[in-house]
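In the two assemblies presented below, chain A is common to both, partnered first by chain B and then by chain C.
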Partner chain A sequence: MALNIRLKKEFSLAIIHLKLNTMVRMEDKITFLFMNVGIIIRIILVVIFFQAIYTKVNVIGGWSYAEVLVLVGTWELINAIAWATFFRGGFRRMPGFMRRGELDSLLVRPVNLKTYFIYDNNDILFGSLPIIFAVILIMYGASISSMDINLPYYLFIILFALIIQYFFVIILSSINFWTIVEQTMHLFINTMRLGRYPITIYKGIARTALTVLVPVACIYSFPVQALFGKLKITDLGIMFGVLICFYLLSNYIWNIGLRRYESTGY
Partner chain B sequence: MLLAKYFIAFKNVLQSEIEFRANTLIRFFISLITLVSIFYLWNDVFSARAEIAGYTKEQIITYYILITFILASVITFSPVADNIRNGELSMYITRPISYIWYQYWLALAQRFMRVLIGLPILIIIFIIFREHVYIVTNPLSYLILLVTVFSAMNLLFFIDILINFLEFWFTNSWGMNMVFDYISSIFSGALIPLAFLPSWLITIGNFLPYQYTGAFLIDAFIGRISFDQTLLGILIQFVWMIILYIMSRIVWHLGLKRYEAYGS
Partner chain C sequence: MNAITIKNVSKTFTYHKKAEGLRGSVKALFRREKLKKEAVKDISFSLKKGEFVGFVGPNGAGKTTTLKMLSGILYPTLGEISVAGFDPRKRQNEFKKRISIVMGQKSQLWPILPAIETFRLLQKIYEVPEKDYQRRLKELTDLFDVGDILNTQVRKLSLGQRMKCEIIASLLHNPDVLFLDEPTIGLDIIAQKKIREFLKDYNQKSKTTIILTSHNMDDVQNLCERLIVINEGIIGYDGSLAGIIEEYSKDKIIKVQFVQKVAKKDLQLLGNLVSWDGYEAELSIPKELSQEAIGRLISKFPVKDINISSVTLEEIITDIFNGKG
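And now, the complex of A and B:
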């Protein structure tokens, strides 16, 4: 019953924030237009990049051109969802909150801060078009592939990938409780860029690190492997293990960080 | 004497950059994270070939290390659009200084310090990747690199300020900035060496200044282009600098006519 009430409260708050954020975004139509032109250009550029390489080789890390297109689409899709929800929210602004001591005003609110940050600065309006472009790229990549596809499995793994990424963002943002890293956003984006290429190009310790420590393999490559029926049961097990570990670790680090937090600023 | 007032601004930024050197260092480290994937990607691509599009594996890894380092050093945040948007520009246009040159010296100081702070990291990266990089032994190549990097800094400054001046016409130009950043990444060769691009894209790129802020610098340094081509490239950099300077003066004057000093 208590959970039900809490969920209803969070949901209604999310809707209010959605309306407010959309109204703010609507004031900025030119930015909206150029941002979307920019995103289309970015996707085209990445496609040109891989197309250029595939004119010289047949496979990259054992992945065909079609699989890599789906990977690029998946990368864009997951990041667009993260940007429109939890990453654009409070987590991205943590260095500023810490520096100015603004976290206090958020901590006293009767909400779970980690949940609140999912929707407080949501951007469904600006986030929707990148998602559409990403889906088009995924569909195109899947259509030119000769392999069978398993869409429900793909969507299921995408969901878990997003949850892992959410826990990863919490861990990354929590660093600010110890030392303020102004470039948290820059760090997140560059780390996630490691997942834009097939995980199979990485060898030895690098592949292990990118699967379990900075889990870009779980977030981007595994969903694509799931779509084409190539995800091994051991990889699926690793993914669940990573999810549980990151859940526990993010909770632990966040709580320790909160205990350390001393309001500074003015 | 004329430069004295700008030199004070230059010195102030140098001091500020020294004070926040840890921040610059962290930024460098973060920018260089992507080199890990670049290294593994090209290692895989070159696993069955010795040369692709005229590049050896060592040359391409050196290319990406240098271009990532140069771009991380020379791409700085420009306050120009913010100054226009929040009305702070009024403060500068009433002073007996040229706003463009004032911003130029600020940007130059920032870039100069970043190159200095980033240099030890670059050397460490070359040591780590020593078996996979192309070591340039000709001292003249290092001199060419210095000249071309300095010219590229100037080119990027004028491109940047021109884009920022769009704020005179549009209330929030960051969307446009993003579009120009992506265009720059392909035509400068930051995304992929230009030799890999389809010919129609190379043709378009030849009419733009971007390759002289990235690919040209590295190709000249690692000796992929001849000495004569390098000299011609430096001359083209210089011509682009003059064109962009004149353009920025024109756009500045047109923009000032529209400027209404919003903000507090």
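And now, the complex of A and C:
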């Protein structure tokens, strides 16, 4: 199928899912309230935590208070976008789909599942408020910083970061083709938490691992460094390399997994 | 050209055996016994365009596995499959647009929303032009007479109404091949009848190739001209429905009530005595001898009531499952 026709189809499917998911979410107002209150409390606590540290020191691993606030905001922003799109979509629900045999009905549909799962459970209603909180925090952090900012570069690197995170989610959810593990996405959430702190506080092997194996540095720290013009060209190269490797690996594991999918029952 | 060809197909599943209890669970963490289950064993058959075939067998016989291989959900371990000219293993979108699968125990409808919303989504997924979509929707809703429930939340529908909507959802894109896995499961007799009438009518009009798996022999008897019986992954019968009855229904079943007590040994002279309590008896008599036996029964015994029937399809298939056929 020509790329433009495919993109048109994916876009139209994303829009109709957005409409349907919004209609479903509207039935569920209490969840909306609890989820957003939880996110606000989390942001406030993290800011208080860093504020307390910065009363004692001026920099952490070379990062000022303003940069860390942008990092916290970026962490929230990227995760909120992931949550509103691919993370809350089919990938997170793979273990349930596979246990109940529901993946069968999706496999017979003429869609690319990896793309379909980006928007099949998209959520503008629940997802937009955390994005707004995150943007406010980023703007505040940037405003109290004395450094020059490069917004287009920042947004460009965020796009890269989201793509890497998306491939990482595909790799983790593909584990379910071999053994169904409800906790694969807990692993994702827990490893992503490591990215809430500047990558420079980690040293040696840990830093390398958090850059290329569990690429939280690429996903969270690099965009902030890009915003303040501190992202080195070598780091950009590493990020691009990670993106290519994760793309190839996710494609390979996903395709092998689909081949060995066994469904339920005989 | 055949709509479906399946040639020497086998499917083996691997699973792990775990010993009982906590100890078994701990042990399984370190070492698991790997076992293999051959769900389908070297099966071959083909279907012509427009055929409506019943695919029956007991639980675990390999019916659903076969349907899943035909629809591309599962990869066969061995063998070749062609459906509507495509290899299902490739899972091409063009192939997926030519098939549809209805699983009686799984829903593709969004439960919180009205069915019409899922239909609209499926229109986009299958890229059905607006004009065709409207026409098909009208045709299908008219055939099923469900126009008034399309805007009701799916979870508020009865099982029968939901199944009608499931079938409409699966036919909106006008597939060439339809796989039906227990479409009448859990439905009351009236809903079953309605669905059967619809499927029969639809098959005749659209010439869609349909494979039906069902434990309900009324479905098979009313809809299918051809029957494939599978048991333990092996095809036990593949032929016409009339043929299986002719081939396996060699006896007449005679149920008789008597005015006064009748001796067992006297009845045994007529044929195989299936049951007897003195006043009631059931005899199984070869078809060619049944006329004479009935005549003797009526003339020599104090018969109050008599009922003559053939062996049912369900009994024939049970015999095939049990290896008695």
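Note that the second predicted complex is superposed on the first by the 262 of 266 C-alpha atoms of A that agree within 3 Å, B and C clash if a C-alpha of one lies under 4 Å from a C-alpha of the other, contacts with A are read in each partner's own complex, and residues count from 1 in each chain.
Basically, a contact is a pair of C-beta atoms (placed from the backbone, for glycine too) under 8 Å apart; a residue touches a chain by one contact, two chains touch by 3 or more.
Since the model is a prediction, treat every value here as computed from it, not as a measurement.
Once the two complexes are overlaid through chain A, chain B and chain C fit side by side, free of any clash as defined at the top of the document. Once the two complexes are overlaid on the shared chain, A:L243 sits clear of chain B and of chain C alike. By the touch criterion defined above, A:K203 lies against chain B but remains apart from chain C after alignment on the C-alpha atoms of chain A.
For chain A, the partner that touches more of its residues is B, with chain B and chain C as the two candidates. Legend: residue contacts after superposition of the two complexes on their common chain; A:A66 is shown touching neither chain B nor chain C. By the touch criterion stated above, A:E262 is placed in contact with chain C alone, chain B being left untouched. Once both structures are fitted onto chain A, a short way to say it is that chain B and chain C open up an angle of 90° at chain A, using Cα centres and rounding to the nearest 10. With both structures placed on the common chain, the touch criterion links A:I124 to neither chain B nor chain C. In the superposition on chain A, A:M23 contacts chain C only, with no contact to chain B. Distance between chain B and chain C in the overlay is 5 Å (nearest C-alpha pair, rounded to whole angstrom).
Those residues of chain A that touch chain C in the complex are listed here as 1, 9, 12-13, 16-17, 20, 23-24, 27, 100-102, 104-105, 107-111, 258-263, 265-266.
Across the complex, chain B is touched by residues 28, 30-35, 37-38, 41-42, 45, 48-49, 52-53, 55-57, 60-61, 181-183, 186-187, 190-191, 193-194, 196-197, 201-203, 206 of chain A. Of all residues in chain C, those touching chain A in their complex are 13-14, 37, 39, 60-62, 64-65, 68, 71-75, 91, 93-94, 96-97, 99-101, 103, 106, 108, 110, 112-113, 117, 120-121, 124-127. Against chain A, the residues of chain B that register as touching in their complex are 23, 26-27, 30-31, 33-34, 36-37, 40-41, 43-45, 48-49, 52-53, 170-172, 174-176, 178-179, 181-183, 185-186, 191-192, 196-198, 201.
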